[in-house]
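Pasting the structures here.
What follows is chain A paired twice: with chain B in the first complex and chain C in the second.
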Partner chain A sequence: MKRDLQIVDVTLRDGSHAMKHAFTEEQVRQVAKGLDQAGIEYLEVTHGDGLGGSSLQYGFSKVNEMKLIEAAAEECSQAKISVLLLPGIGIKEDLEDAVKAGAKMVRVATHVTEADVAKQHIELGRNLGLKTVGFLMMAHMAPIDKVVEQAKLFESYGAEIVYVTDSAGALLPHEVKERVSALKENLSCEIGFHGHNNLSLAMANTMAAIESGATYVDGSLRCLGAGSGNTQTEVMAAVFDRLGYKTGVELYPIMDVANNIVAKFMPRPQEVTGSSLIMGYSGVYSSFLLFTQEAAKKFNVDERDILVELGRMQAVGGQEDLIYEVAREFARSKKVPV
Partner chain B sequence: MGKLKVGIIGSGNIGTDLMYKIERSDFLQMSTMVGIDADSEGLKRAKDRGYHVIDNGIEGLLEKAALVDIVFDATTAKAHANHSKLLTALGKKVIDLTPAAIGPFVVPSANLDEHLDAPNVNMVTCGGQATIPIVHAINQACTVEYAEIVATVASKSAGPGTRANIDEFTRTTSRAIEKIGGAQKGKAIIILNPAEPPIIMRDTIHVLVKEERKEEEITSSIEKMINSVQDYVPGYRMRGKPVFDGKKVSVFIEVKGAGDFFPPYSGNLDIMTAAAAKVANEIAKKQSTFVQK
Partner chain C sequence: MKRDLQIVDVTLRDGSHAMKHAFTEEQVRQVAKGLDQAGIEYLEVTHGDGLGGSSLQYGFSKVNEMKLIEAAAEECSQAKISVLLLPGIGIKEDLEDAVKAGAKMVRVATHVTEADVAKQHIELGRNLGLKTVGFLMMAHMAPIDKVVEQAKLFESYGAEIVYVTDSAGALLPHEVKERVSALKENLSCEIGFHGHNNLSLAMANTMAAIESGATYVDGSLRCLGAGSGNTQTEVMAAVFDRLGYKTGVELYPIMDVANNIVAKFMPRPQEVTGSSLIMGYSGVYSSFLLFTQEAAKKFNVDERDILVELGRMQAVGGQEDLIYEVAREFARSKKVPV
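Moving on to the complex of A and B:
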C-alpha cells in the first residue's frame, strides 16, 4: 500500500532503556508479531544504545540482541527489522551480524555535530542493501545551520532518510518546525523525526514535524522508551487517521499490542516524572534517567540537581559515566552523608 | 655514546607535538622532520628550530637515512606498512603511532620492557594509552575477567583520521585491553563531545574482577600505576577513589596534556606522543647502556 507517513516503532529498542535492557525473547516475539499484524512496516530491535551497547556503562543485555533481532524477524510476515548503530559503540561487524540475523534497515546515529564518524557505517548499510538512515541525536544542541550542514554529510554518504532526533525531549514545536523545514529545504532525501515526551510535547512535536515535511516518525507503544518515552505509537495512529493520512497502521490491532502485551510487562508507567521533566527542561539525554535516579539515591542528592548540572556541562549521549561523578561531586560539596 | 637521532614522518599535529617532547628526552636527539607539504606548520616549526627538514616524504628520508637512528611514524596505517618495511630493512627502529599495528603493542607503564628490541612497536590508541595501565594495575591485584573503557574526548581533539575510521579505535583498543591489560575480555567505547570550552579527556574504566574484597590491593596497585604514568604524562590523574560494587570496579581518569603543541584539553593526543617519546627514550637508554658495558 501507499503510505503518506511511515510510523517506525522503536518499542523494542528505545524501550530497552526503560526495561534496563532485559527484554526476553518471548516479549520481543509477542510485540513484533503484534506490530507486524497491525501493519507497522519498520520496527527497531537493538540494545537501547545500539548494536554493541551491552556493557557495564549502559547495562548488559539480558538476551543477546542478535538473538532478539532473529526472533523478531521470524515473527514478521510483512514488517522489517531496523537496528540502531552508534559509531564509537558498535562497529561494522555488528551490523553485518545483524543483517545475518534478519535486519533490513539501519539507523546510524551520531551526536548532532559529529556526523562524519558515520561515513563508513552509512556506506556499509547501503552496500548491504539496507534501508539506510542517518540519525542526528540531541538535535536541540546545535543551531539550524549546523544541523543542516551535518544532515548534508549524512545524505552525501548515502543516507536515504535523515532524522532530527530530539534525544532529550527538549525541543519545542516551533524548534522542531525550524529544523525539519530547514532540512526539507536543503536536502533531497526524506526527513524523519524522533521525539521524547519529557515535556509532554512528543505528539505536538511530531505534528510539527509532519507539517514541515517529515515523512518518517518514530513512536513507542505506551511510550515505552528512555526518559518519559517517545511519541506514543498507538496515539499517532489515531491522530494521523483523524488527519486523513494513510499510515498503513490499523488502530485496534496497534492498541491491542500496546495494552494487552506491552502494558503487561512495563516496569512502571511512562509518566512525566520530576526527573524526566528536568531532562527535557535542561536538555539531557533521555537514557540517563534510571542511572541518575540510582546515583541520586546512592549519594543522597536531588536527582534534579544532577540533571541540571549535566545539562550545564553539555553532556552528550553515551556519557553515563559522568552521572556518577557529578552525583559524587554534589555529595562531597554539600557534605551529604553517604 | 651519543644520543639516538630521531626522525619524525608526518608533520601534522601529532608529529609536531612529538618534536617538543623529543627535545626533553635525555637519550634522544631531534634530527629530522619529514612531511609532504613544504608549507606545513610542522615543517616550518622544525626548520625554525634548526632541524633537518624533508618535504618529499619517505623517498627523501631514504636518501638521507644516515640522519636518523629511530623513526616515529605519525602518518596513516596504509602509508605506515610501506614506511616500516623500508626503514626496518635499513636497521632503523620504528615507532608506529598509526593504527597499522604491524609490531607489538606497547603501553609504557604496562609492558615497556618486553619489546625494546622489536624492530617496530605500535602505540595502540589514545584511549588505550590512557586506560590500559589501569586495567593492567587491577589485573596485577586480582584477575580481571572483563574490562571496558569509555574514552570521552573533545570533538576538536579527534582528527579526520580518527573520525573516518572510528571502528579501528574500538577494535584496536579492545584487543590491547586483553593483550596488554590482561583482561579476559575487553571492550572499548569512544565518545566525542563538542562542548565549548572543550572538555579535558576523561576516561572511565569499568572492570569485573574474579574475587570480591580485594579493595585495598586493587586501590594501591592503581595508585602506584598512576604515579608511573605521571612520570611521562604529568597531567594524568584519578578523579576521586576507585568505586567498588561487588565484583565491579570503576575508575575515573582525567588526562590533561602538557600543552606543547596541542591545547591542554587534548590529553588524548598528548598521551600518545608522550608515551611514544617515552618508549623511544627507553630504547635509546638501553642501547646506550649496552654500549657502555
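Moving on to the complex of A and C:
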C-alpha cells in the first residue's frame, strides 16, 4: 500500500534502555513477529546506545545484539530491521556484521553539532545497500540554522532521511515545527522525527513534525524507551487513523503486541516522574541522571538543581565531570555540610 | 500575583475514579496542603461523579465527601475548594452542605447537549456566593454550533466560566481549537478546558485550548483520573514555565506533592492501555467499560468492536442496555457460539 507516513518502531532499541539491555531472544522474536504482522515496515533492533553499545559504560547486553537482529529478521515476512550506529561507540565492522545478520536500514546518530563524524558511516551504509539515515540527537541544543547546516552535511554524505531527534524530550511543539520546517525547506531528502515524552509532549511533537512535512516518525510500544519513553506506537496508529493518514499499520494487531506482549515484560510503566520531567524541562540527556543522583546524595543538594544547572550550561555527553563540580558549588553556596 | 492561566487541580475529584472512591482523610489532607503550598488556587474535592455520587451505581465513597471537603479546606491557607455537581446525581442540598464544609467554587456539569438541566444549580451557586462554572461534558459529541449554543445557555444562567470537557479523551487538538475558539468568539465569560489522556493528547489539547483563549485548565498530579487520567498538573507547571506563562504554581513544590505523596498511594500508573486507548479512539465514556468487558466475555467477541460500534452510535450514559445488544449482534454476525 501507499503510506502517507512511516511509523518506525524502536521498542527493540530505545526500549533496551528501559529493559537495562536485558531483552531475551524470545521477547525479541515475539515483538518482531507482532510488529511485522501489524504492518510496521521498519523496526529497530540494537543495544540502546547502538551497535557496540554493550559495555561497562553503557551496560552489557544480556544477549548479543547480532543474535537479536538475526532472530528479529527471521520472524519478519515483510518488515525490515533497522540498526542504530553512534560513530565512536559502534564501528564499521559492527555494521557489516549487522548486515550479515539481516539489517536493511542503518541510522547513523551524532550529537546535533557533529554530523561530520558520520561521513564514512553514512557512505558505508549506502555502499552496503542499506536504507541510510542521519540522526541528529539532542536537537534542542542547537539553533535552527545549525540544525539545517548539520542536516545538509548528512544529506551530502548520502543520507536518504534526516531525523530531528529530541533525545531529552525537551522540545516544545513550536520548536519541533521550526526545526522540521527548516529542514523541509532546505533539504531534498525525507525528514524524520524521534520524540521522548518527558514533558508529555511526544505525541504533540510528532503531530507538529508531520504537519511540518516529516514523513518518518518513531514510536515504541507502551512507550518503552529512555526517560519517560517514546511516542506510543499503538496510540499513533489510532490517532493517525482518526486524522486520515495511511500508515499501513493495523490498529488491533499493533495494540495486541503492545498489551499482550510488551506490557507483560516491561519492568515498570513509562510515566513522567520527577527525574524524567526535570530532564525534559532542563534538556539534559538521561545518561546524566544516575551520576547526578549520586552527586546529589553525596553533597546533600537537590538533584533538580544540578540538572537544571547542567541544562543551562548546555552540558553534553562526555562532560559528566561537571556534575560533581556543579553539586559541590551548590553545596558551598547553600552552606550545606558535605 | 497576576496569573496568565489558572491550573485547576482535580486530583482529589477525577482521581477518585482511579482510587475507586477510596480516598482517606489523611491522603486528602496531604494532597490539599501540598497543592496549597505549591500555589494552586483552586482544587476540586468531590466523589468522582460529583456531589452525591457515592452510591451502588457509581461506587461508594470510603469517606463521606463532606468530611473530605472540610479536611481539605482546613489545610489550605490560600487555595479554595471546588466541588463538582452533576444535576440528577447531586441535589441542591448537597451543594448547600458543601458550602458549609468550605467549598468556594462549584462546577455544574451536564452532557454537552443538556445545559438546560443546570439552570437552577448555576443560579444556586451564584446565590451562595460561589465562583460558578458550567462544565460541558463529552464535548466531542456535539458539533461546534451546538457547543456554542449550550455554552451560551450556561452563561445566560450566570456561569462565570464555561468548560469544554473532553471526558472520553477523544478530542484531537484541532477539534479543541475549533471548540474553544468558537466559545471565545461568542461568549463574554472565561473559557476552560478539561482533558483526558486516552490518545496521549491531554497536554497537546490543553496547549491548543490555551492558544485559542482558554484561561482555566484542569490537571491532576501523576495524571490520577478516569480512563488514562488527566493532563499532568506538575508537567503543565513545567511546560507553562518554559512557554513563559505565569500560573502562580511553583515547580519543585508541585512535583513534590505528585511524587512524594500521590505516587505513593496511587493503585496503578496512568498508562494508555488497550481499553483506555479504544475509549479515546471511539469516544465512549469510561463508565461503559466494565459492562462492555462483561458483555465481550459473555458473547465471546472483542470488546474493542463493541466500544467502536457504541462510539459510532453515539451512545450516551443511560444507554448501557445497548452494550448487550451490540455484543449479541457481533456474536450473531460472526457466528460465534454464545
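What we mean here is this: the second predicted complex is superposed on the first by the 292 of 338 C-alpha atoms of A that agree within 3 Å, B and C clash if a C-alpha of one lies under 4 Å from a C-alpha of the other, contacts with A are read in each partner's own complex, and residues count from 1 in each chain.
To be clear about the criterion, a residue touches a chain if its C-beta (ideal position, glycine included) is under 8 Å from a C-beta of that chain, and two chains touch if they have at least 3 such contacts.
In this text the structure is predicted, and so the values were computed from the model without any measurement.
Asks: Which partner does A:K92 reach: the first (chain B), the second (chain C), both, or neither?
Replies: first
Asks: In this superposition, which partner touches a larger number of chain A residues, chain B or chain C?
Replies: C
Asks: Kindly classify A:H111 by the partners it touches after superposition: chain B alone (first), chain C alone (second), both, or neither?
Replies: first
Asks: Looking at A:Q319 after the superposition, I want to know if it touches chain B, chain C, both of them or none. Which is it: first, second, both, neither?
Replies: In the superposition, A:Q319 touches chain B alone.
Asks: Who does A:Q120 touch here: chain B (first), chain C (second), both, or neither?
Replies: first
Asks: Between chain B (first) and chain C (second), which, if any, makes contact with A:Q57: first, second, both or neither?
Replies: Touch partner of A:Q57: chain B, not chain C.
Asks: Which residues would you name on chain A as touching chain B in one complex and chain C in the other?
Replies: In the superposed arrangement, which is not itself an observed complex, chain A uses no residue for both chain B and chain C.
Asks: So in the complex, which bits of chain B are touching chain A?
Replies: It is residues 146, 148, 150, 152, 155, 160, 163-167, 169-171, 187, 189-196, 199, 202, 204, 206, 208, 239-240, 243, 248, 250, 252 of chain B that touch chain A.
Asks: With touch defined as at the start, can you tell me which chain C residues reach chain A in the complex?
Replies: Touching chain A from chain C are residues 172-173, 197, 199-204, 207, 222-223, 231-232, 234-235, 238-239, 241-243, 251-252, 255, 258-259, 263, 269-274, 277-278, 280-281, 302, 304.
Asks: Would you tell me which residues of chain A are touching chain B in their complex?
Replies: For this pair, the touching residues of chain A are 55-57, 87-89, 91-92, 111, 113-114, 116-117, 119-120, 313-319, 321-322, 324-325, 328.
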